[in-house]
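Working notes, structure below.
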């Protein structure tokens, strides 16, 4: 399994393209009298470097989707950015898309920042042909004559091994894999600096999944884009990402080069995730993790993992562990680990 | 249920306004049972008195108290509209769901029946029916006839929605997971169809009450039973609009509009409460 | 920002709709290109004419009659005015003289005027009259075919100005067919119809006039007709009374009552045919220029027509005169007059309309008899007539109407009528019991044990006033414990009336000349020879299907006396007495027509003070109005 | 494509069947009318005039003959279909001998013109504003529009029409309130006539649009809020597609599908005429023709108008079914 882990592709010293600093995004609902504040993202900081594929892993409802929504500026009530900032290199000075003027945001969308959405089934307008999506999404950024643009689209489709005829098709006429490749082509045609990929392969079967992952990788290499790759599937992360962050209950718990994480997981939660990956020839029963992810409307105090943590101590129940560098490029938020590191 | 109502009342302004409007209208219609005058009696009060403390809504040229007449009228009219809407919704839902989902010859057969009901012009039929039934025609009977003609259009609408739902993935998933047709229709498709049913209910009531008024204006109405149409009929007979007896027309119209705005707001807020997607919107509007 | 854009959009959309508004569009309701001071605009109560381009009035029911065609374009032998007339009630129009009958009324000779011309320059002669008769007899599909064929054996023109009718059987009233009361057999142009292959399918467009006006233009959608004064108007029969004032007449469909009121307030409709009493009051209040038949209350012109509760006397329940009388005594006519006309009614206790010359001939002279009239309730004898009811109605209205209500007893009698039957529930109960009815638990039961139910058929909004009277009467009968119900027949009324498919209805079976005392106009049709079997269609007008040997005798005697014979008055009174005793219909009141006349552009309309003719504009007789109209200064 | 052709064929068959059944029902119903056209004609002729009762029976017989009512019911039925197939509705009885076709031909252009235009305008405006209101939920102006639409929608049409008439014909008399064009203006295509027709159409059209817009508005608004939650809309927003584009091509384009269905049916339904509009505004048209015909017991005319209407609605319904796969490509035709 470890052999599968890719070597970091991007230079370690490349400049970051995205800084996320102490981001706090809460859902504040007041629905028919029931006021709730869900701290879906609660103080997350990280940076993504140019040209790297940065993975974000975690169970469902760990706040991954909220985090990338906040980064992508898809902030609609009841989601609210409560604190912190998001800064892209190509849109400096505002601290987040949600704070930038709409004109600037519109300018950078798709040209610099594109998005591959979860569930390819419904992301394309069902009553219009695939081609129109390319025109709507990319043509304003690419410009030139319509003919040139069409040629460019066809050429780009060839990269994802799609026949130009898909342009004339309606989304429902394509298979799931074709549709996902079409959205991949759509997200990458402008050669954006940054791509957010939210579970792009989840609904696909394994063979198609592999193919699509390969394409993402090759296009990313070709264009030099950075990718924020979100999935709960550690296997996929192992396959494609350069660096990896693990999220638990709205906070990052560990971040390191992907290979490093798989080789040397420090946080008990990360260890659990990796140990629960299937291994060939290993029949030892997986030890389960007791309990379930916390309710984010009313999270436990201190380290949010402590009710399930085999290493939990008193301090874990009271204080929030900080993300500290345990090793070069390897950050982790755990009292037990950090003490050990210091010791 | 009580909590639900309390929540709605406390936190949804739409619901509050709707509830107040509707409560007023319902109160008015309930009051009909306490009317000091029988509904069809004329010249029981002095005619043509403008609204005053004695006669809140004034009196008609026929010597009737507009307030009490209106209370009978709005009760009968609402009952009429609800009956038509309820019965025709049932038809429309069942036929629309089955026809849209099943397709094939069932669809063709049902749609042939459906289309026949759509294409037959209603007004001459109602008029002829009136001629045949004469004074035996009651609002209930009229309601039944109109229900028979009021479903077809919406059945088609529901069918078209179901047809496009059917093409979606979740239907296939449910099908593969072994759900029966009835289950798919009631558990998967019905929630999508319900908002349409709600909005067509409103439209259907507006339609049926409007048609009742139309019939009344043309003179084909049961003039013994006070309804909104009946009130307008008698007001017309006395040229109330130009004779300056505006209260004879204004109060029934205002009441009908209030009833509908009330119903509409209630449906809107109930929809928002039920539909999780629109929850997000309601918050957005509040903030 | 977004909201502004959206609103801007709406504004643009609405604005584009209203662009044509920019053009000045005042006074849209009047004809273009005709000076208003030359034009009189009248309502044609037929409404929109389906078959607008059809002017052949001799075809059955194919086109419009009262779009001006019968009022100003056509003419016939005689007119009888429902009021006092320009020069007496009787007017020899195309005829030079009154009809001359032979002794046994089998031959009628008519002398015609000379110097009368059709509008295309052809002279009117006896041949036109002959052709009117023969063409229609030849074509059974024509309007007067049946009536002429059943009467006329032959018709000849010995010279250009004499016509001789030989009748199949004696008929002292044959001339009535050619005498206008509303309408009559109109004379057709022989020189036009002779060239027509099938006169039933001939549209007579454009019509050739014999009257003083010719067609100027008409709406193919049937909403207006404009007639123009003939240049040679002096060659028509109307010229005897002077030059007609308006150069143009427009007969229009002004729409529902509210719109008629609005149109007159905007001075775009000079003569309204009829509106609801409330509309009339509104006009009187809001427009100084509006004038009705009466200067004040009750405004309306009483037509020589008698609305009544008409029993189906073939119906088991109503065969007994005692039952009919009982129902009459349960009616409070004051409440009915209020409900139907807001009091603006002229009541009548007897079977003759209280209009024209009739009160002087019948109502007044017979009052003593009525006061003395007794009915036997089975337990006692009562005198049901109350001579003071007309006055009571006037007094009832005085507090609210004040000055408008006359105080002179003669004026009151003229406006509100004289007496009627006093409401007498006790007597009614006794009469019903006498007839074998019984009261069980507050409701009446017929002799064979069924609930006594009476349906009162009304026409609905086609005759609003009748409908209102009917609902009031139903309420009164209900209060007395009778299962009474209103039955709105709408358009089915003619069919059901003819078929006898009703218990009672509010309508009329009595229509008279108004200006002439002879009652045969309606009474002849009450002869038992015309009463149909139950279930068979009844010919007009004996809708009550009432037959009585004494009545037959009266009718047969009238047939043998001349039209102007004073004896016919005596026979008429015999009929009145018989009808009072038998009560085949319960007479209610005159059919008051609220004809509203706007004096902004024209003055000289007929009114109760100046009662030279009937102002109701769909009557053929209304043509006399035009010669008296003068432009307002 | 042949699948689509087969579908069209099947659908055409269904169309013919529906028309056939519809016309037959109309035939049966009109002939079940208790109104006797002969009696109505006689009543119309004699209600004022002086006709002796003895002549009535004869008149009755000749009318029966004239109106073609003398044959057996089967003969009459066959005659009816023979005529219909030649697009001939026979003569009208209440306007004998004018052919029904002529009467309808006169009224149809008025009805079609007024109703088609006002239906389309009401549909367009209602959907546009409803779409905007659904999309820009926070806009106060559009919220106000919603309230107005909610309030206008249930007002009985007759009252609204009368109010417009009183306001623009009496209190502030700037618009013609009666007829289809000015009196005494020849119906030829002069600019004057066209202007007059437009002026006369304003109030009736406005009344129909105000009433008609409401349901489209409310329907569209709720449809739009359903579509807004769809992934493809969110995705397009994330892609920075201009909001106008999203509103039109993504949101409205999807929400319009059921509304187009409604439009087609409403357009088909205009052949019923608009009785109350015609009555209140004195506008020429099929509606009053139909009601008058029912009154007069004029089977021929009733059947003529209803057949036209049945055809109109059926064609509307057919058009939807044939166009539906094009509007919503997800729907499979077979």
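Miscellaneous remarks
Letters are used for the chains, namely A, B, C and D, taken in the order the chains are written, and counting of residues starts over at 1 for each.
We adopt the following convention: contacts are C-beta pairs under 8 Å (C-beta built on N, C-alpha and C of every residue); 3 or more make two chains touch, one makes a residue touch a chain.
Note that the structure is predicted; figures quoted are calculated from it, not measured.
Centrality by Cα centroid goes to chain D.
Greatest centre-to-centre distance from chain A is found for C, with centres as Cα means.
Between the CA-based centres of chain B and chain D the separation comes to 22 Å, rounded to the whole angstrom. If each chain is reduced to the centroid of its CA atoms, chain A and chain C end up 91 Å from each other.
Between the Cα centres of chain C and chain D there is a gap of 37 Å. For this pair, chain A with chain D, the centres built from the Cα atoms lie 56 Å apart. Among the residues of chain D, those touching two or more other chains are numbered 34-35, 162, 166, 257, 279, 294, 328, 330. For chain C, residues that reach two or more other chains under the stated contact definition are 256, 258, 262, 490-492. The multi-chain contact residues of chain B, meaning those touching 2 or more other chains, are 131, 167, 218, 241-242, 284. Within the complex, the chain A residues that touch chain D are 72, 74, 105-110, 114-115, 117, 119, 121-128, 132, 136-137, 140, 170, 172-173. The part of chain C that touches chain B in the complex is made up of residues 256-258, 261-262, 275-276, 278-279, 281-282, 335, 338-339, 342, 455, 460-462, 464, 467-468, 471-472, 475, 485-492.
Here chain D touches chain B in the complex through residues 10, 14, 17-19, 21-22, 25-26, 29-30, 32-35, 137-138, 147, 150-151, 153-159, 162, 166, 215, 218-219, 222, 225-226, 229, 257-258, 261-262, 265, 268, 272, 275-276, 279, 290-291, 294, 302, 305-306, 309-310, 313-314, 317, 320, 324, 328, 330-332, going by the rule given at the top. Residues 2-4, 6-7, 9-10, 13, 17-18, 20-21, 23, 25-26, 28-34, 48, 50-51, 54, 59-63, 140-141, 143-147, 149-151, 176-177, 179, 181-184, 200-201, 216-217, 219-224, 226, 250, 252-256, 258-259, 262-263, 265-266, 490-492, 494-499, 521, 524-525, 530, 537, 539-542 of chain C are the ones touching chain D in the complex.
Considering their complex, residues 34-36, 39-63, 65-66, 92, 94-98, 103, 106-107, 110, 121, 125, 128-129, 132-133, 136, 139-142, 145, 162, 165-166, 169-170, 173-180, 182-187, 195, 198-200, 202, 205-206, 209, 279-282, 284, 288-289, 292, 294-297 of chain D touch chain C.
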